[in-house]
Amino acid sequence: MVMNRDDIARLNEDLLRPLFRTSGRFYWAALILALIVIVALAAWGYQLWAGFGVAGLNRPVYWAFYITNFVFWIGISHAGTLISAILRLANARWRRPVTRCAEVITVFALMIGASFPVIHLGRPWLAFWLFPYPSERRIWPNFRSPLVWDFFAITTYLTGSTTFLLLPIIPDWALVRDKAKGWRRKLYSVLALGWRGTPRQWSRLETAMHIMAVAIIPVAVSVHTIVSWDFAMAPVPMWHSTVFGPYFVAGAIFSGIAALILAMAILRKVLHLEDYLTPLHFDNLGKLLLMMSLFWLYFIVAERLTVWYGNETSEMAVYWPTQRGPFAPLYWTMIGCNFLVPFIILSIKQLRTVAGTVVASSTIVVGMWIERFLIIVPPLERKYLPFAWGTYHPRPVEIIITAGTFAAMALLYLLFVKFVPIISIWELKAGVRQESVVPIPASLLRAPDLIESPSPSGLTRGPAGFSREVS
Amino acid sequence: MDHKWSMVVDLDRCTGCEACVVACRAENNVPTAGEDEAARGRVIHWIRVERYWEGEFPNPRVRFRPVLCQQCDAAPCEPVCPTYASYHTPEGLNAQIYNRCIGTRYCGNACPYTVRYFNFFNPVWDKPLHLQLNPDVSIRQVGIMEKCTFCVQRIKAAEIQAKAEKRDLIEGEFTTACAQACPPKALVFGDLNDPQSEVSRLNRSNRATKLLEEVGTRPSVTYLERGTWRGEKT
Amino acid sequence: MPKKPVIYALCPDPEAAQRAVEGLRRAGIEARNIAVVSSEPFEGYEFSRRDHQTPMPWLAALGGVVGGTSGYFLAAMTQRSYPLPTGNMPIVALWPTGVIVYEMTMLGAILVTLFTMFISARLPNWRAQLYDPAVSDGMILVGATNLSQASRIEANRVLGEAAGGQVKEVGL
């Protein structure tokens, strides 16, 4: 027998604890985060009431912080669903405790990101005009506009990633239903939708997840490509670039993994999940991060080098300020944050620890925000006719709203962890069982798995006494 | 016959007096921004006179270039608008439908001439300017884009008048506010589809160029200039 | 409707569950009257492989086709039915229509997958069903429904043997 009943009880106990027991720290954290979010909402209300001019935007810099946040959060959203889907399809064994933490990031980051095109609108109360619906005013979206492509892409991605997140939660909610008492039992009885766990249900769930994993990868790629086309389709110097699609997708996955590592590190510490989110996970994700850092460097070199070599007047007017002009401090900070620091930390095995990957991820999240800012603002400041050039300085409303989004992300995550087991319990159980039945290929033996890491939780592998064929 | 409205800007005539800017502001109800907001780059002027300095002190030379919406045939602002607020009229004008605009400001970014203006606040006029608003032109509220319309209200009025009198438009019957106000007659407005018109004649000039022609927008505004802009000697 | 008696046992491990299922089958109970409920998929065991066939991937593909077609009609037909001048550019532009078709194709596939999964897994269903909360502790419920008097005794014996414990009876 692989997992005995004690193991299962312990696993249930460990992973359901955050749902049933709430410390004072939770309330304090939720309160503080909620206050920041409320202040940010008030700032947006002030912008609506007083007029858009309270933001720092001007002519010619019509897009700045808000669109930076939009691109940044949509990028972060590539953490989850994309990575989780790839790991599922590749059947990476270590993925099981990671997938749900990642998928949650996707859903919430997408919601936050998708709110920015609305926040940045001059007349946000009319945002629904982007939706194709017949009206007496004959308002119809212009399908040629990349913003309408955004609308469709984000709708599809949000639907897909929410489905991808929620389907495997159903069995875990059924587990909570069985373990809970009082109002929680009633709540989870409804949420579990009457899930029992018949072979038919398990089979349908697995098939659906497989289809979703296949479908969500091209959607995720298309979403950030289309976000990049918001810029690349406009004849603005240094926006109008063919490299933007893959460059944005690579950057999105890059920042997404960094966000995932940060989220995992916090969960591990706060929820005492040291036995489940092990250094092995941080090591593996750190390797992925290192690879994406190199990809990112490759793209930015490809972009900058071709511009510099082409030496086109209007592009050079944008290029030099980022290299040695007013944007140079930001630019070289970005290079340090996205490449130098992560490269040094992540390429040295001894530094690729939990703490090391967290440091690298923190600089990457900062660096990727700066990257988006540098993509958007310098080209707008210096578009073609020099007489119309301008400069942009953020004003408090924009800074408060930006800070509010980070608080909103943390708050949503916090609440999610209170209501859903953040590690997919049934998948973890199934994974442990599968481990013992399937002989481990020699090629994989070098990468120690969850099961083989010394673990005090009792999740140790028993004798593989069962020899039935596995399909 | 369809019209193809066009403007010719003779840079060799322009004195940089900015009468066109003032006339446009009065004709089209363009709000004033005030000093602070103007310094922040929020000023709206559908036509602006760009100043470029040549040479070093003590022999500097200033060149003027009035820049207004170029009413492009292949306008970058049009396809990017998600709500068709920026669209192409059958007469080839580049129209902005204020009621449809939701303020994405994408058109403003896509425009290579930076001639599209955003209303950062509800419009205000210093007294007594509020008493001279043009009833033919709607006022734009906060959060929407606006730009030069080639004085579409004057075009429409003349067309309606001509239709009522069952005749074709007569050359010179009307013109835009900026062209009307220009003392050296540097701005000329007319129908490019009429081969006899003044703009058609000027468009055939060997001084004729287009602004930022390399971006491929096919503008309806033509600039007349001797070669010195390109650093050539005449 | 009178309640139908159902008997079930809780097996401590998948091997026992497999024996119980095989025993019930030998006792002449039809496959559709044998119920298994577990807290994991147990993909490696025969009892979990019933009802494995599903047209879900094909339905998803069909949903993609339907979604993509509706995306095409949404983008192309509406633009043709109210054509706006675009400055000598095509009324229905290939590239943007392609983007809409692509996203709607994926949305169609995703939605159909979601609905097919819910319908074919018979979810949601909040009525009383054969279940025991002990499943969440790792037990595997094996039960038999629609029993005749003779098969009931036999099933009782088989389940008791396989589960090594007591056999429960409920009415549903």
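Observations, loosely collected:
We just call them A, B and C in the order they show up, numbering each chain from 1.
The definition used in the following text is that a residue touches a chain if its C-beta (ideal position, glycine included) is under 8 Å from a C-beta of that chain, and two chains touch if they have at least 3 such contacts.
This is a predicted model, so every value here is computed, not measured.
A count of contacting C-beta pairs for B-C and for A-C identifies A-C as the more extensively joined pair. Of all chains shown, A has the CA centroid lying nearest to the centroid of every protein CA atom.
Taking the mean of the C-alpha atoms as each chain's centre, subunit A and subunit B sit 45 Å apart.
Here the spacing of subunit B and subunit C, counted between their Cα centres, is 64 Å. In this assembly, the C-alpha centroid of subunit A lies 29 Å from the C-alpha centroid of subunit C. Along subunit A, residues 140, 144-145, 148 each make contact with two or more other chains. Touching of two or more other chains is recorded for residues 79, 84 of subunit B. Shown for subunit C are the residues in touch with two or more other chains, namely 86.
Partner subunit C is touched in their complex by these residues of subunit B: 72-75, 78-79, 84, 87-90, 92.
For subunit C in complex with subunit A, the touching residues are 12-13, 15, 35-52, 54, 56-57, 60, 74-75, 78-79, 82, 86, 93, 96-97, 99-100, 102-104, 106-107, 109-111, 113-114, 116-117, 120-127, 129-131, 133, 135-138. Chain contact summary for the complex, subunit B toward subunit A: residues 37, 40-43, 48, 50-52, 65, 67, 76, 79-84, 100-106, 108-110, 112-114, 117-122, 142-145, 212, 215-217. On the subunit A side of its complex with subunit C, the touching residues are 1, 3, 5, 8-9, 12, 132, 138, 140, 143-145, 148-149, 152-153, 155-156, 159-160, 163, 167, 170-171, 174-175, 178-179, 189-190, 193-208, 211-212, 215-216, 218-219, 222, 226, 426, 429-430, 433-434, 437, 466, 468-471. Of all residues in subunit A, only 50-53, 56-63, 117, 120-124, 126-127, 129-130, 139-142, 144-148, 151, 230, 233-236, 380, 383-388, 390-391 touch subunit B in the complex they form.
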